[in-house]
Amino acid sequence: MKPETLKRILKDLHDGSIGPEEAFRSIKHLPYENMEFARVDHHRAVRSGLPEVIYCQGKTPKQILAILRSLKKSGHNLLATKLLPETFQKIKKELPGKAEYNLEARTLVIRQKTRQKKEGLIVVVSAGTSDIPVALEAAVTAETFGSRVETVFDVGVAGIHRLIDNLDRLREARVVVAVAGMDGALASVVGGLLEQPVSAIPTSVGYGASFGGVAALLTMLNSCASGIAVVNIDNGFGAGCLAHKINLLAGPKASV
Amino acid sequence: MKPETLKRILKDLHDGSIGPEEAFRSIKHLPYENMEFARVDHHRAVRSGLPEVIYCQGKTPKQILAILRSLKKSGHNLLATKLLPETFQKIKKELPGKAEYNLEARTLVIRQKTRQKKEGLIVVVSAGTSDIPVALEAAVTAETFGSRVETVFDVGVAGIHRLIDNLDRLREARVVVAVAGMDGALASVVGGLLEQPVSAIPTSVGYGASFGGVAALLTMLNSCASGIAVVNIDNGFGAGCLAHKINLLAGPKASV
Amino acid sequence: MKPETLKRILKDLHDGSIGPEEAFRSIKHLPYENMEFARVDHHRAVRSGLPEVIYCQGKTPKQILAILRSLKKSGHNLLATKLLPETFQKIKKELPGKAEYNLEARTLVIRQKTRQKKEGLIVVVSAGTSDIPVALEAAVTAETFGSRVETVFDVGVAGIHRLIDNLDRLREARVVVAVAGMDGALASVVGGLLEQPVSAIPTSVGYGASFGGVAALLTMLNSCASGIAVVNIDNGFGAGCLAHKINLLAGPKASV
Amino acid sequence: MKPETLKRILKDLHDGSIGPEEAFRSIKHLPYENMEFARVDHHRAVRSGLPEVIYCQGKTPKQILAILRSLKKSGHNLLATKLLPETFQKIKKELPGKAEYNLEARTLVIRQKTRQKKEGLIVVVSAGTSDIPVALEAAVTAETFGSRVETVFDVGVAGIHRLIDNLDRLREARVVVAVAGMDGALASVVGGLLEQPVSAIPTSVGYGASFGGVAALLTMLNSCASGIAVVNIDNGFGAGCLAHKINLLAGPKASV
Amino acid sequence: MKPETLKRILKDLHDGSIGPEEAFRSIKHLPYENMEFARVDHHRAVRSGLPEVIYCQGKTPKQILAILRSLKKSGHNLLATKLLPETFQKIKKELPGKAEYNLEARTLVIRQKTRQKKEGLIVVVSAGTSDIPVALEAAVTAETFGSRVETVFDVGVAGIHRLIDNLDRLREARVVVAVAGMDGALASVVGGLLEQPVSAIPTSVGYGASFGGVAALLTMLNSCASGIAVVNIDNGFGAGCLAHKINLLAGPKASV
Amino acid sequence: MKPETLKRILKDLHDGSIGPEEAFRSIKHLPYENMEFARVDHHRAVRSGLPEVIYCQGKTPKQILAILRSLKKSGHNLLATKLLPETFQKIKKELPGKAEYNLEARTLVIRQKTRQKKEGLIVVVSAGTSDIPVALEAAVTAETFGSRVETVFDVGVAGIHRLIDNLDRLREARVVVAVAGMDGALASVVGGLLEQPVSAIPTSVGYGASFGGVAALLTMLNSCASGIAVVNIDNGFGAGCLAHKINLLAGPKASV
Amino acid sequence: MKPETLKRILKDLHDGSIGPEEAFRSIKHLPYENMEFARVDHHRAVRSGLPEVIYCQGKTPKQILAILRSLKKSGHNLLATKLLPETFQKIKKELPGKAEYNLEARTLVIRQKTRQKKEGLIVVVSAGTSDIPVALEAAVTAETFGSRVETVFDVGVAGIHRLIDNLDRLREARVVVAVAGMDGALASVVGGLLEQPVSAIPTSVGYGASFGGVAALLTMLNSCASGIAVVNIDNGFGAGCLAHKINLLAGPKASV
Amino acid sequence: MKPETLKRILKDLHDGSIGPEEAFRSIKHLPYENMEFARVDHHRAVRSGLPEVIYCQGKTPKQILAILRSLKKSGHNLLATKLLPETFQKIKKELPGKAEYNLEARTLVIRQKTRQKKEGLIVVVSAGTSDIPVALEAAVTAETFGSRVETVFDVGVAGIHRLIDNLDRLREARVVVAVAGMDGALASVVGGLLEQPVSAIPTSVGYGASFGGVAALLTMLNSCASGIAVVNIDNGFGAGCLAHKINLLAGPKASV
């Protein structure tokens, strides 16, 4: 709750337009819906105008549907992540709106707002073909939130000319999301070549001593290039969200 | 064996009411039933009046049934934890009593005592919807042991107003059980807001660098808030048991 | 801030006894003192009546002194933990009161209240001689907070008769604090023999695969005995604090 | 090298204004100075207008001085990080300019440009007093690069009203840098309360199972709040640099 | 090859009873059978008189059968470990002899020698019911090798009177094999109570921070009791083999 | 791109035989084919004359087929690794050429060049039968690239005479590839007995504290024998590739 | 306490030769001396006739002296391990008897019994020169306990002929103690060559990925050779103790 | 021992030119010098013509001197690694020959052979200035063994044009040694740009989540570029030795 809101409530109280009990309730209850198994946070939507998001892992189909219905009231676009294809099959007929399900990214988008022209470019680059699902989760997230997104896949450092060939596109971006498993070296090279903030996602792609993405995570955390923002392994949503927030900050007309 | 018991046996012996061999057997054998694959500890029930518990993971349906039957003799309520639905299906017809199976918590309760009015409140809070199964294991455990239990789900720190909105209920508790996966930050925040002991359960909810609950476990062990009692990852039973023991200590009429 | 306080402030405002600006300031600022490098939390003292505590690791002598002086205003006993002997030497002449420095526990106590008769016993047991410093930190903490504390040292499971010989004392306690490094097995054995809550502290005592206390920590987290409350490695303060909170809950007249 | 540069060189060559050998040299050598033990990257300064930075750990006093002298030619402000006090004492008389050494942050700044009025606020918050050195490294970095920086120390979640009391200042920032050791929960709570990007620095403050900052690192990577950009443990420079780059992106006149 | 053998070969050569080529071949080739995918080590059997053993994990049914047939030529008892039930079903009709398959231990024994009266007792104790499979692998191994073996299951330290009640049996053993998962504390307690060598097997029984047996492994390696011989997690074969070797050393008539 | 190529392009431009736009394109685009989900690196084939390789893990059957077809244009032999049998079944009818699928090694080879007589021997030794799949991946890789390869399986150090019996064959090799799981000691012993470079592959064979190959990996990294080149766990391809590169370096006529 | 003792006490009580209170005390108190900071376990000495041992790490010079004096009463030889040279200097004048301090092994022996002729050989082998201190701790321990001990140093597997040259001596031993850091492969090779039990000690010798002995520890736990008994990293005492216990079991006249 | 030697000895024996005892001794004892604390392996020198090497860590000055003197007899160049400056000061007057001590690399070379013209280039590249000591250890090793070595320092991927500017020199090498701490990405980029074998050394340079070189080690093991040979953290000797062996294989006249 912003101080101004509090001040206004107190002023209303002082003026007598509201009573103390009403003031107390206003202050105490920020908006959310209590569904017992979940407390849907409408406050975030009110505050930021961003679409609501539901993280599906560990939730039953029933719970997912109930939360989506509750979220729908906000009028914003809805995004569900880590939604398995088999779960999607179970719920798709009961979804509260027209669904766009991305099989690779495992994302579900339900649009309630018409697409507006997007400004401010985010480029998502992946080191390999196997990193594409995570890269797409980041791309879908940022795009659903309202950023313009382009993707460049399979430009890992083992054949560095493929990356350099795409540098022009990367330089046009406000933020670059670099997605890599195995050695995770893409983030360092991208970070060394660009001035923009780089959001780095380690993926669980690899085997043996990649330890499910730990190798790539450590590479990125220890990057010699400065200005690398690391998120959790396979966390496409987090990186997409961060990239969008930075893009938003730059404003609709900013140019780098 | 308590010293008084030993003294009494020795006294009986001195008085001649029992012979040395009988005394030796009394001293040596505390009560338990040897079933070869398990030695059911009746002594614990005698001592504490708590219901008997069977941890089902790694046990065959046959073993579970045999132990339940042996435990039944104590006359106490019976609790089985980590009981998979498929195992429950296999044994449910042969159970020695009316079963209450909680599908989410994977607990089985067989009541042999009528429910008495419970005193002393334990509140179980969970950070997310996916943490509910572990939270319910804690709740069922403490409730079966005899505590009064309430639950508050999905009040993680990403939308901290949901937690603050429920602070009044938490403040009424003698002990709070805080259940969280991913960043596990709920325990620190609850511990900072309350004076009561907090029993913290890290859950394996999360992915990537959550390492199956290790991230949440470390967060809780390193909590800046003091008085946080940590248990093993996903150990709802342990936290429920601890909370009940503390509640018991406060006595039926204690008020905080 | 408790709801009643908020309601009262709002009521005062409604009645006109205070103006909105004043109400705003009352609501917004809970008591703490801003010293730039530290914000001393007077609210905790107001709330709980417990002595203030300062964790000295990573703080300069100057900072420690300044915080102690600020804390003194509360009128409560003061406790400083992890205070190195060399730091104590530097500040001892400027301390705001008569200091009790425990060289082994590395604790400093400044008493502002006369000792009252304490009720409710906490017993701190250690597995070895090398675990004594951590055990003493727990003991000093609980004692300074107001609990009655006894210690039993060097009763590790390698010579289990030493522990069994002291069982009577342990059974008199409301809470037992079990302190062990190396294999950390003491907590499991104590937890199996007693009904009371056990607060378990793994210590960094050991070498090689003890990994600075990790072995003992894992042992305690995986204890087969139920009702074990684990704290961080070497965290004597945390366990002492937890034990005191549980003791407090049992009330001045409770008996187990 | 930007494509335009390449095109221009090629065009000059085509026009005959330069010969092939000269073109080859232009293409091949981007500006850096080879000092055998170091290759000072003047290209970065040319490209971004940011001050040059030298990471001092593992370098001899001689090497540090030589690199500083080489860097000086760029005309930019110079920043040296992780510079130990004893090393600073050894080199301070030979420094190529007026030095500002921050004993806590272990940073050295040599200014070659007059301070201009800075726009765009970055707020650095720390959980505890012991986290201040890392927080200051971030603050000095961003400030030297040209951002406006404010600091708020010791607002960890164990006394959450201290953080909430400072929310207004945090809300004014374009980017918030959250610095915390031990449980690292500050980042999650700040991330949950604010809409801005949060750059999170885990610190090595703590003991036992904090594992030199690993606990805080994992907490931050697994944060339930979205949009958290994590950097390496104790990497104040990295977070300051990232925050500045984001700030820069928002432009001199942007307002959030 | 023993020195005497070498000397004899060389003497034969010197005497002219064999030629240099023949001597070279004798020296170079110790007996084993090359099956391309495996080189069956008949030398071990010749040397020690122990039955041959085949570790089945990672081998195809075909390979297992072929190796068993090759091993059979030794005339010794055959032991196969970690043999999955489904693999046993596939090969059981083609086995070269009468098979004793232990479903819990996943061991297969094919006896080629009549059972002789065994001397020297090994007692295998397990902490819980879930540890029985590993305990049985140890028991079957030592028994097949020729030791007398008894088992005592479910005597973990959470109900320590069950262990103490069986101390007499344990004291009769030459070697005790202690099998425990979770906290692994059984080995320390047994090692503290007995004078004999204790072979300790950590099992993967447990969940969460047991890390597949790592917790129990570390407990055992850090045991305060001396004379604990630790083997790999779930390595019933290794411990059984070690116990038998020690038993063998004590000779058929030794008594402790 | 080699400097000579660049110089020549620049010279052509200077001479007027090509225009600046054409020169720019020549310089900027090294050959690769953009298939959106993959950028097939034809440059590598041009450069080294080695067959193209596709790592199949994490790729869909469709993607694998498309890449194989693109790679085919190079005219080189094609190698696919980590190709599951079920995936092979799906694609085998549509493969662009005659396939040699190795079920154990999970490799697919499509030959486009007639086999030439190979020179320079690589010997691949494995410690156990279960290590054969990884050993075969290395062997197939080096053989497809053009080296002569022999294999010696099941010569682990537990029966060291089997290894010593094969020393003559190992001594004939230019490079030895040593493959071992569990304790990984084979690499140290081979490295101690031979003068040649040894490429060591740890495998995930083992259980318990082998941690999926970490134990063998650490053994090999810490080998007391010098000149051991370690690759990732189960990385048969990497070791085969390395061995071939070294073999290539020695030239067609080199003899050790 | 042995059952016979208990039976006798109870019989005395039954016969009236002792009263119940006296019997109770006899049963309850096994012999140990309570020094507050330590409880010296005289029971172990009574039981086993082995010398008393004091582990010095983490104990003050004062504590060490006091314990040694208490231990002296047993009349056995005394052994102190992990005793730093500087601590030895501080206490050497006040030692209760003639001290033999081994600077490399960091052991102190005070003999109270004349050396008797020892039977049953233990051979301690070390991989490198740097492993000697740990090897000596094992040797001193077993020798002080009463075993005959020989040492063979620097026979690591990188030059395996040095080990093979000493095989005859190893084959004479009842037990072999194998000591190795770095890759720890010595234990596997020794275990593969010998029939006797092998007690393996990983040492912290090494750097980088040896992780303070973890690499050698894992190698030994995963040894392909059977019958390897592993102890903690650098635990010379534990291995020496284990070897002696096994030797003892074989009896004074046993021959392998 | 090579088969030919064995055959010759056996033939001599057959011919009667030597007796069986003499033959036995010849076969059994390969040349090494037993100094009790070390067994100096003269066999290696005989076999390979490489200089003898002594790893100084964990050895006393006395031991180092004695081994150097023993090694000197071989007539080869001597190399000592990881020799601390303070140890060098202690022994430098007694060294058996003219010493070249490299303070950064911590290597000592004593030449007994005149330098011959070297053929076959090895290039050692380091990512940063702090990696130079490890890079120099590799360079000194390979150079002392007889390879021609060049070094290129501070060409990490954060400013990739510095690396590309030196590609020509790297392409002339037979083997490249890539040395990097922190993110270790240099090895991947070098491996992607070159056809030659790359020997990669992770260094312990870095802080926080670099975990003493583990991050760089994992990066290198997971490199997407093929043909990367990884050695232990900071193991300059191992990589230099490996590079020299590969160089040797290519022969004095080989050209890539």
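Order of writing sets the labels: A, B, C, D, E, F, G and H. Residues in every chain begin at 1.
Operating definition for what follows: contacts are C-beta pairs under 8 Å (C-beta built on N, C-alpha and C of every residue); 3 or more make two chains touch, one makes a residue touch a chain.
Quick caveat, the model's predicted, so the values are computed rather than measured.
> Have a look at D-H, A-C or B-G and name the one that copies the A-F interface, over half of its contact pairs being the same.
Most of the contact pairs in A-F are shared with D-H.
> So which chain is farthest from chain C, going by the mean of the CA atoms in each chain?
It is F.
> Determine whether chain A and chain C, two copies of the same sequence, contact each other through the same residue numbers or different ones, counting it as same when over half of the numbers at the interface appear on both sides.
Counting shared over all numbers used gives more than one half: same.
> With chain centres set to the mean of the C-alpha atoms, which chain is at the far end from chain G?
A
> In angstrom, rounded to a whole number, how far apart do the mean CA points of chain D and chain G lie?
54
> How big is the gap, in whole Å, between where the Cα atoms of chain E centre and where those of chain G centre?
Taking the mean C-alpha position of each chain, the two centres sit 25 Å apart.
> Just give me the whole-number Å value for how far the CA centre of chain D lies from that of chain F.
Result: the chain centres lie 41 Å from each other.
> If you look at chain A, which of its residues touch at least two other chains?
Within chain A, the residues that touch at least two other chains are 3, 28, 128, 158-159, 208-210, 214, 217, 221-222, 226, 232-233.
> Pull out all the chain pairs that touch, please.
Touch list across chains, by label: A-B, A-C, A-D, A-F, A-H, B-C, B-D, B-E, B-G, C-D, C-E, C-G, D-F, D-H, E-F, E-G, E-H, F-G, F-H, G-H.
> Given the complex with chain B, which residues does chain G contribute to the contact?
Going through chain G, the ones touching chain B are 3, 6-7, 10-11, 13-14, 16, 19-20, 23-24, 27-28.
> Under the touch definition given earlier, write down the residues of chain E that touch chain B in their complex.
128-130, 132, 153-155, 158-159, 161-162, 165, 205, 207-210
> Over in the complex, which chain G residues touch chain F? Could you list them?
Interface residues on the chain G side: 127-128, 156-160, 182-185, 188-189, 191-193, 206, 208-211, 214-216, 218-226.
> List the residues on chain B that touch chain C in their complex, please.
Contact set of chain B toward chain C: 2-3, 47-48, 53, 168, 174-175, 195-197, 199, 217, 221-222, 226-233, 237-238, 241-242, 245-246, 249-251, 254, 256.
> Chain C touches which residues of chain G in the complex?
Those residues of chain G that touch chain C are 1, 28-30, 32, 36-39, 41, 43-44, 57-59, 63, 82, 202, 204, 212-214, 217, 232-235.
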